[in-house]
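There are two complexes below, and they share subunit A, which is joined by subunit B in the first and by subunit C in the second.
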Partner chain A sequence: MTPVLASATLSGPHVDFAGLSPLLALLGGAVVVLLVGLLGSRWVRAQVVPALSLVALGTALGLTIWQWGEEKSILAGALRIDDLSLVLTMILTVGGIATVLLAWRSLAAREAAHGEFHALLLTSIGGMTLLAAAQNTVMLFVGLELLSIPLYVLCATEMRREHSLESGLKYLIVGSVGSATLLYGLALIYGATGATDFTTIASAISTKGLSSDVLLLTGIALCLVGLAFKSSVAPFHQWTPDVYEGAPTPVTAFMAVATKVAALGVFLRFFDVALVEAQSSWGPAVATLAALTIIVGNVGALGQSSLKRMLAYSSVAQAGYMLAGVVVSTQLGVRATVFYLAIYLFMNMAAFAVIIARERQAGLGDNVQSVAGLGRSDPWLAWPLTLSMLSLAGIPATAGFIGKFYLIDAAVAGGYTWLGVVIVIGSMISLGYYLPVIATMWMADAPAPLPALAGGSPELDEDLSSPSVKGVQPEVLLVAVLAGAATLFFGIVPQPLFDLVHGVGSGFGLF
Partner chain B sequence: MSATTYGWLVLLFPLLGMLTIAFGYKAFPGRTAGWIGTGAIFLAFLAALGALLEIQSLSPAHRQVTSSLWNYANTVGVNAQLSILVDPLSVFMILIVSGVSTLIHLYSISYMDKDKGFNRYFAYLNFFVFSMLLLVLAGNFLLLIVGWAFVGAASYLLISFWYRRTTATKAGIKAFVINVVGDVGLVLGTYFIFKHTHTLDFLQTFHVAGQVFTHNEADLVAGCILLLVGAFAKSAQIPLHTWLPDAMEGPTPVSALIHAATMVTAGVYLIARMHVLFELAPIAQDVGAVVGAVTLFVAGTIGLVQTDIKRVIAYSTMSQIGYMIMGVSVGAYAAGLFHLMTHAFFKALLFMAAGSIIGAMGGEQSLNRMGGFRKAMPFTFGCFIIGGLALSGIPPFSGFFSKDEILLVTGELGGWHWALYVMGYIGAFLTAVYTFRMIFRAFYGDPVPEAQELEAGHLHHPEHPTNPATGEIEDTDVGFPGPTHAIAERALPMKVAMCILAVGSVGLGLLQIPNVDFVIDDFLRPSFAGSAVYETHTKDGLLAFGLLLGTVLGLAGIALAWRVWVARVGGRLSPAKLQARWHAVYELLAHKWWFDELIDGLIVRPMATAGRFAAGTFERAVVEGGLIDGTVSVVRAGSAAVRAVQSGLVRYYAAALVLGVAAIGFYFLLQS
Partner chain C sequence: MPLSILIWLPAACGVLGAIFALRDKRALGVFALLGSVAALALAISYIVGYSPGTRGLTHVTDVVWISELGIHYKLGIDGLNVMLIGLTTLLFAMATLAANLREWDRPRLFFFHFMLAESAVLGAFLAQDLALFVAFFDLMLIPFYFMTGMWGRGPREERVRATIKLVIYTLVGSLLMLAAAIATGVLASQQNDVPLTFVLSNLQTLPLSRGSQEWIFLFFAAAFLVKMPAFPLHGWMPDGYRTMPIEVLMVFSGVLSKVGAYGFLRIALPLYPQAAAHFQTLMLLIALASILYGSMVAFTQTDARLIAGYSSIAQMGFITLGIFALNSQGAQGALLQMVNHGLVVAPLLFIVALLSRRAGGSEDVREMGGIAFRAPVLAALFLIVALATLAMPGSANFVGEFLILLGVFNAKLAIAIIAFAGVVMASVYALRLFIRAMHNRPGKNVESRDIGLLDRVVLVPVVAVILFFAVYPQLALRRGEDSVKAAVAPAQAALRGPTFAAALGRFETGPVTGTGNGEAAGARP
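Showing the complex of A and B:
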């Protein structure tokens, strides 16, 4: 040990536990859940563990509300607690609660011994909240990995199903490439600006006049690619349909909603704070990617017979819509994006809850035929899915209409009118795959029950293909009905959400 | 409770009634749904009374109260609120709408008793009343448009209520299409005004109107005339009137409710509500006054020759609404609204009495088949006489005071308004003639077989029910009228409703007797506080002359009708001889001035021809071939392409990734 090091006093940053509390609740919950999951009793594992996860998520949500209104940088500027990170944390925890409810009696949770499943889920949400608050590039990367690695595992939790394993492996490979690309980009940006902190990067770009610096621009390009991977932006979306289709449906629901929230959140903060001075360079590129994403997502979703695959493409398209709010770099754009993220949660949760309910009931997997005749046989499931489809398509009186209107308004006000037009065209195409679902539900007859297949392992049959429950499980129905009701409610009374997102861009120094 | 709380309750009860009946219809046996519907509207009426008491307890300067339940959207320059405006004008309207509607609901319980669509009928009826109340309580343009459109939709549902009758569904479509023309006018008019005022709220609009608009400014005149288009379509004024007579295809209580007492008065209400804007745009006011006068005259003449009893009353409605539109357009707001109120009573009474006699005829509506019902239906006859005298403006019945007040204000304006004054009195004479022609033809003369049967104590019941318009044979299942009919003499709810309306028709005129009392004037004054013309000095000479002239013309009309249709002893004045002598005039009137044919020739046919031509050429080649097939194949090809690269093999994804990174990297390098 050299004398210099010995004499140096190492002082850690001041830790603001209040600001950190939602994250602590999530990660602490993950540890507790993992340990409780080791207990022998089957009942404890199957019932107490998810209940504890709900407690952890509820606590995190409560703490987030408690922190509402704070504007501060914590951990020596590594994290930013403001309206944006708090709203995103709220969306994430609500999405997490819905996921836990959907996974309560799922095969995936059972196969992964409950404790592991929920611990991974909570850790991933923790990573997402970290990402939503990240204010330097190191924290950004840590958050991104913390959210990604548990997800790779979660995708593969139905261990005896080949598709689930394939999905997990694919996600791992593609996700790692994305992470590596992002890391490379972050390194180049550090090389160009000499800073890791977002605000310092921004001031370095403007004071040193770096906006056309090769090193910086290459770094931006690689970061853009890396984040595009995570938020499934075309042409880096190709993992999405495969992974969404293969993953256990509750995990798909979680990925569709939460990953998108975290990725778009970091898009907003990284591009509209750190790189805002170079907006004239990256703006057109991101806008082009957004347009491409909208077209590819909507066109790809046409004619899909698997509902999960259809929703995967739809989520690609929706990511494109939301990028429009990022591109314009205005307060209005930030608000519109966050507003859309909030309603996106409800629309997708309603749809996935119904798919899960039908998977467990009808024995047709996630094929669109599984909802045929649902309008007559079970209107409580048919209505949420109908509302969700209408809302995703942006039909008035649903939240999706208001959200899309807001995004288009932001795009036009920010000088990207053509992107607004692309959003409208995309919505028109999207009716081509949303409406057939509704038509199948209300106008087609329920398919005749399939004859039992001979052969195969009896226990496998029991676990994987045959309907395991007769009625709809109440917790799944609850998620479907609440999310569907919220979709309708915020379409009629959007003002509470407008108020919620009003301040999300205030810390940004944008117009 | 505050006045606005009562206002919200007025909206809540009909909405709840509609939802209860609509969702619970399977559970309600017998007449339950009818009583629920009636009770809901009656509660709304009580709440309206509460609002009246509350608003009167405020000082006159503060009698315009708004309340917002929530913001629909407050962003991007539009503040859209769910807000109502409770002031004397809206309270006046909700009292009439909910009061008359309660009685019509009550009447319907008996009248629709055996109809197979009983529960559906009351759900629609509640929805209609809710829409109308929303229209008059709306505190901003947005909610007004919503209520306006809801009323149109509800009237479509009710006119086409017997949906297996082709004539009824066609009439419903006609009404809906013409109403939508009006909706477009209303929306565009709102836009013209919003463009300058930047607010949707009524009170704020009126507040800033004087500052942002100059006298007769082009945009304001255009906006007001577009609002008038909306008003004309709802209130059946020329040339958007043709739906109203056809709308008589609906059940008779529906005709009483929406085509006499409430819906058609929406246009009058709109002009009164927007008086601040109209006073700044006198050109639009003149348009309204002239159209009202022309309508009252034309409709009066058509009423002379119609043979369908409900259509006679329908044309009389058009004519009377013409008086009101003329009144509120020349600044006689209180008089126009006063006439609106008295008309709601006596016209609902006439429709109900007509429903009773149609019931006695077993669904037949033609005056040619009726006659001599005086002894068989004394109560209905009495109601017809009271309603007829009120409609003809004979003192001291209510129509006398209200109609003359409108004409008095018109006359006082002088100048070319004298022409309107004269037309108004000609209209009054025609009104008396056609009203009593109808009464005399139905009740006097030799009793027809149906009347004789009824005198013998048995209600006529046709063996094969037919459509009164076409004579087609019908069954009595859902979608057609029920198997039995009701008459007021034998159904207590109908009798009660008609008695109350009869009392109102006789007595309501006493609320405002010239130079004696001014109840309506005083009550409405706070709503028209900013108006320059609300207070007018009455010339006593003109007043006395008008009252006398009105009485004389009314009595002369009745005498003429008596001479022609009762004392017809083959003299020069028998209907057949008159018809032969004035053949051209008769043809004009019997064809309703050829308005249907005019609209058909000017608009419907050219449009249809152009449409067919476009469908054959442009549509097939460009739209279907190019736009649709082209787009579909492009999208389909794109879909195939996206799926083709979606091979499921990670190595291809890696290749796409490399290409993507290269492209983006290249772009950014170009930027440097």
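Showing the complex of A and C:
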């Protein structure tokens, strides 16, 4: 659709720096942060580095907002700046800001010498924004790797904890398999269509009548598997609980939110733009995967005593819900998915912030007992987690209700009523694990006070030997309260979010 | 005055109380009481101001809530809900007063949840948008989840288990209803080629295909029947009733069960008339099973709460029976009976609490007995409530049950005849409860005393309302009449035959051709 930009001239492609600016801010920030992290002063490393990361993310967010309303392809059609990529970039940067705040005084950041931790984080977010805007298969793969490789390292940043290393290694292996599969699929699609550009692929499929071509369908299947690995769609989700549980909690929060945003963003653009002509071929398959994911994720989360594992399975289920928006290939579906991604950010950040706060306070790790009696002892943490759980379960007056409503609406309108019913059945199962968390918070007594922090890891004791252990760290509390408040606010006044996602997918040529 | 004030006043008082009554914990309850009494006053003014024979909605508030989804924040009063909001506010005021008479652990949270519950229930009754109704319907359960789990009786483990069972049971129904509601809006707009809308009055003019209606109706019915509860879906009831604090149970049993029945009249019958006609026999059989099962279990129970609980199943069975007679007598009787049942079950439960205080804390009827001897006033009040429960001729409950049976008699003779047995059984369990508790040999821990002044303040007004309705049931009947007729008319038409329904459908979409359907079609707003 953009032949002008691709016209072969001797000079390199025109670089639209304005469109590229959020990405440049992130990657530039990564370099600066890495260099500042080399300075000797501990104070600089522990305080200035995260502050600079926040500046970089804030700048990227600001530049994204400045670009709002643009509709253009940049870098010779490699990237697409439109409402979808801009909204996703906003979600990603906000998620990044929350992650930096959560990681500010974490063990992980300290063990990774602060600079490296934050540089990796920024690079990964850069990869995600690239992915959200990618408009050809090469860029897609570059973005995916830029996203993944820093994450493999980030998972293993608590270097002295076995589970963290295990988590990093597992993620590396599974992630590489996923990447390889995806790459192979992309190659096959190129072979079938002769194009790397999404729109050219789409037109090739329709003009050459490839929608039942074996080569193309094999390529699509492999791409689906590769992306399913990344977005933890069943049956390719098995790594998720282990990796989420093992990774440092701020990194888990980041993976749960940002990776999902990026992966679903790719799903939307790749499947609903490049492969939309073959929708009749992949639609049923993806719908089946979505249904399977919803059931597997929700059933897996039942009875988990580790909050992180529980949230990992819940994130699998949520990916399934969002896939319903991809399957229908309508603009409504795209909007519903992006809407859900936005609220998904708030719901999960609230939950993870509380888990982090309790990990540092209670010394029980992420066991569900760490929040026992929280309603009495610390309502400022209990309410955000309560709202988050209710929202994830889809209870009215929280954003999750509206999000689920929108997704089911899109599914039914797209002719997938049964998938809407599966979403609802999934929500029913999910009550079986969200409600007990709330019950533990409000209806259980706090566990007998531990002798100091005995029972926690020695690193934790060492890290938090200061008296501030008793109180919640303000930045963590801030994230919890803001995210919880947003969950409630958008449940009652969802219109701003609807306005935000209104233009998403408008250039896709969908219904 | 906008209806939003009525809805949100209680919740606002709960929040304000939680914020301002920092020092004095007593003040909290007073805040809540003020909110609930003010809501009651508002509701009474709406009842008084509602003139029977009004067509359609009054006091309409209609604001677009989510334009993308066609969801409106639309509220309104008509004959279906005007008495029910009166009932809701009355029982909540009574229960708030009762709750003020005892100490609560974490009172701020308790009264916050209590008032939020009132707001949500009022919202469910007043909502005139399907999505809004679903939202309130689901929301109202959440405060009860907290109240049961945090302040319920019994050991913690058991309590939490009962709570989660209660919530999952009822939310399973509600979530099915969510899917069905969305499907209603989407399919109705697709099949009729109009923009997406969830406003009830719009949806009534957009007929759904019969196939869609049927599964959607079943989903809704599941939600409503669980909430009531009806016979095969009542599994949460015994645990829930045993666990809830009595003040909470009063409103739960008195009001929340009515939302289910109300949902049939407000949503299921007008929107899915063909399905309602199709499943009439099924629903009547469920209702009949509820009546027989509830009554029979009620007179084997010894826990006074569960007697009330199982009698509720039976009474709700009667209400369902009346609704699915699919004629105006039955539905009118059902609507009257909703109010009546709420009016008797809440004082009954309060009396159970009073009795247990006199029987050494036990709620087992075997350990009560002989209480009337030293408590004549309590006995008199209890007797009035008990006689109303068993639908003594002269009580409004008698009028309600009579109308229901009359309606069913016209619809399905065999079912009506069996249902008459339920009337007899009601007198068995109600009198059994009264006699075992008040007369008989005194239980070993019984220390009877008459009802205290504060408890009288709680109980007497409601008993006075029962007596008032016994004399003047017309207050409810006349206000409900037109709206009830309008609500059952489409289903009634569908029942009379497909040709008639087809004529009705033509009437909705095209110019008027027939005259025989004037009653049914004209009644629609």
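Throughout what follows, the second predicted complex is superposed on the first by the 484 of 511 C-alpha atoms of A that agree within 3 Å, B and C clash if a C-alpha of one lies under 4 Å from a C-alpha of the other, contacts with A are read in each partner's own complex, and residues count from 1 in each chain.
Please note the rule applied: a residue touches a chain if its C-beta (ideal position, glycine included) is under 8 Å from a C-beta of that chain, and two chains touch if they have at least 3 such contacts.
The structure displayed is predicted, hence computed values, not measured ones.
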item: Partner chain in contact with A:295 - subunit B first, subunit C second, else both or neither; value: first
item: Touching partner for A:432 - first (subunit B), second (subunit C), both, neither; value: both
item: Which superposed partner A:206 touches (first subunit B, second subunit C, both, neither); value: neither
item: Touched partner set for A:390, first subunit B, second subunit C, both or neither; value: second
item: Subunit B versus subunit C as contact partner of A:409, first or second or both or neither; value: both
item: Which of subunit B and subunit C A:494 touches, first, second, both or neither; value: both
item: Residues of subunit A contacting subunit B in one complex and subunit C in the other; value: 402, 406, 409, 432, 494-495, 498
item: Complex interface listing, subunit A residues touching subunit C; value: 335, 375-376, 390, 394-397, 401-402, 404-406, 408-409, 412-413, 417, 420-421, 423-425, 427-428, 431-432, 435-436, 438-439, 442-445, 494-495, 498, 502
item: Interfacial residue positions of subunit C with respect to subunit A in the complex; value: 66-69, 106, 109, 131, 134-136, 138-139, 142, 145-146, 149-150, 156, 159-160, 163-164, 167-168, 171-172, 175-176, 178-179, 182-183, 185-187, 190, 196
item: Residues of subunit A touching subunit B in the complex; value: 170, 173-174, 177, 181, 212-214, 217-218, 220-222, 224-225, 228, 235-236, 238-239, 241-242, 281-282, 285, 289, 295-296, 299-300, 302-303, 402, 406, 409, 429, 432, 492-495, 498
item: Residues of subunit B defined as touching subunit A within the complex; value: 70-76, 635-636, 638-639, 642-643, 645-646, 648, 650, 652-654, 656-657, 659-661, 664-665, 667-669, 671-672
